[in-house]
Amino acid sequence: MSIAVINGGTRLNGNTDILTNCVIEGIHTDSVYLRDYNINPIIDKRHSEEGFQDRNDDYNSIIERILIHEILIFSTPIYWYSMSGEMKNFIDRWSQSLRDFPDFKARMASKKAYVIAVGGDDPYIKGLPMIQQFKHIFDFIGIDFEGFIIGKGNKPGDILQDPYALFTASHLNKKLKDIPQRD
Amino acid sequence: MSIAVINGGTRLNGNTDILTNCVIEGIHTDSVYLRDYNINPIIDKRHSEEGFQDRNDDYNSIIERILIHEILIFSTPIYWYSMSGEMKNFIDRWSQSLRDFPDFKARMASKKAYVIAVGGDDPYIKGLPMIQQFKHIFDFIGIDFEGFIIGKGNKPGDILQDPYALFTASHLNKKLKDIPQRD
Amino acid sequence: MSIAVINGGTRLNGNTDILTNCVIEGIHTDSVYLRDYNINPIIDKRHSEEGFQDRNDDYNSIIERILIHEILIFSTPIYWYSMSGEMKNFIDRWSQSLRDFPDFKARMASKKAYVIAVGGDDPYIKGLPMIQQFKHIFDFIGIDFEGFIIGKGNKPGDILQDPYALFTASHLNKKLKDIPQRD
Amino acid sequence: MSIAVINGGTRLNGNTDILTNCVIEGIHTDSVYLRDYNINPIIDKRHSEEGFQDRNDDYNSIIERILIHEILIFSTPIYWYSMSGEMKNFIDRWSQSLRDFPDFKARMASKKAYVIAVGGDDPYIKGLPMIQQFKHIFDFIGIDFEGFIIGKGNKPGDILQDPYALFTASHLNKKLKDIPQRD
């Protein structure tokens, strides 16, 4: 069992990073920080004859990188009550993969996913629509939505004051460690 | 009363465009197609000493353009159960405006907003979390959320088969026409 | 094709009744006004040996009455952002039917359902969780959720000022009339 | 600081009871089990001249009992993705108190509330609309929504296998114990 982390945060060592590190501490993962790459917005060509055009960016290499893993952790700050625009652009591009790679859906459908999200404004309530959206996304593509952790934090380090998030992260860490790892 | 349309669709004459055009038919608006501009993702510097850095893109010019209008129409296809990544990046950047422009919140707070969204997979149900997110966004910034139209469409032109969306669009068109326009 | 209306309102000629009457005008339906019956809350005995006990009320006769119809319209005022307690008690009792009547789920699963709901406090937004719950309910039992109408109204007759609700009701009325009726 | 528990479960020692007992262990509370009382559905008379009629049940005595406490814990099984019908009937009746008792809203508005809910079918996701409804309810009446615990359980005792719910309950227990208690 191998794990990829797709990290949508834009701040080095932000609260989302800290909480994610609690989850993966001591576990080998392939962590993709979207902020280090260029991912263009989708240009919807689902219904055009010429089809999607190559966007000349890092999307394809990232998607190939995560497709080899069995567990995906989507880790994002809650910006304006939803995932970061950078992560949204990444997910929007799945429509292109669905059309261009015939086995994309089948390969995604064999995976399990977790969501880790940290927000500052009442995230336990106002972050719920985002969780529902991840549920719809995973249902569509066939991924099992295994669980999520919402944390509360605004200023750097705030997340360390959120006992629920830390407990849940620590518990998930133990659970992931119990799964036999693949190199 | 003057109207800006912020259009997050990526397809020329897509279903979202068509429905939006029903709403603004015969009305002078300033329509911003985000796809024609370069808007970088936010780099969160809310808590850093140096503050946000100039992103050298079109965000500032667009935000100045919409700030002079009283009514904002957010028009977006529903990609993966939420607004397009391009529109999300635009809204994410508001955090930068909130810090860098002292009167940004006050100026936004005097506005009224509508949302127009078209999706293909059960949008009347699965689009609801996105509507709740717009509600949270507008509540935070102080904008009055005056209404929304969800339409159903997948292939180009599908929206013309959605009688509810067309009726609501036509009704909103009449309502907007009844407001004395400013040039 | 025959239609049952399950009406959870407590006020004669309330806004929910008015809107529902727009939907079924000129159509033969079997309308059940829950307020005219005694439906006790469920006493959860799913996991007890003795099983559910007869609650000596009108639930069984109502459920038998609606099971013979192909289309179910759930019509409820939005009280405190959800269906009325009377309607909730009715639905809670389905757990008893699921255990006691082996073909209950199969018979329900062949049906189509609509929801009609009227609320006073921002129902188009704050009524959305209730719609999501109906979706979950119908998904569980296997009913197709064909559509919903949310109306805005507080004082008696207010609903007549809601053009969207009236249009959608009128449109649904036409759609239902086009289905060949069974006596 | 004193605490009332409003318990909407129908099963003695059900999972919701067990989780609630973890929260209030060692704390003096006034626990109201709605199943032990008769609470009739509301008959909406907000807009009638004669006003609400006495329903000759236990509602008034229960509402007086909880009004003297500063913290309210709403504890309910998740039946069909929402609070039990019994709890819903109790909350629906608040509309009557709002009209008949001029200080009802002001007295409620000084309180803090928690929600404890246990469900069997993906409660962490499918229970979210209910949490949003409690948020709307508390916002309307002015109660501070201090937090919620969702647990997973179906068969009796299942909740003891939910580490997240148990941790959160234990943490809330400590927090409540730290508040100076009133007799």
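Read from first to last, the chains carry the letters A, B, C and D; within each, the first residue is number 1.
Following the convention adopted for this analysis, contacts are C-beta pairs under 8 Å (C-beta built on N, C-alpha and C of every residue); 3 or more make two chains touch, one makes a residue touch a chain.
Here the structure is a predicted model, which is why all the values come from computation and not from measurement.
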Where chain B and chain C overlap in contact partners, by chain label: none
Type of chain A:chain D copy interface by residue overlap (half), same or different: same
Inter-chain centre distance, chain C versus chain D - centres from mean C-alpha coordinates, in Å: 25
Mean-CA-position distance for chain D and chain A (Å): 35
Mean-CA-position distance for chain D and chain B (Å): 38
Touching two or more other chains - residues of chain A: 128, 132
Every chain pair meeting the contact rule: A-B, A-D, B-C, C-D
Touching residues (chain side chain C, partner chain D) in the complex: 9-11, 14, 35, 41-45, 47, 77, 79-86, 88-92, 94-95, 121, 126, 128-130, 132-133, 136-137, 140, 155-156
Touching residues (chain side chain C, partner chain B) in the complex: 124-125, 128, 131-132, 135, 145, 147-148, 163-164, 167-168, 171
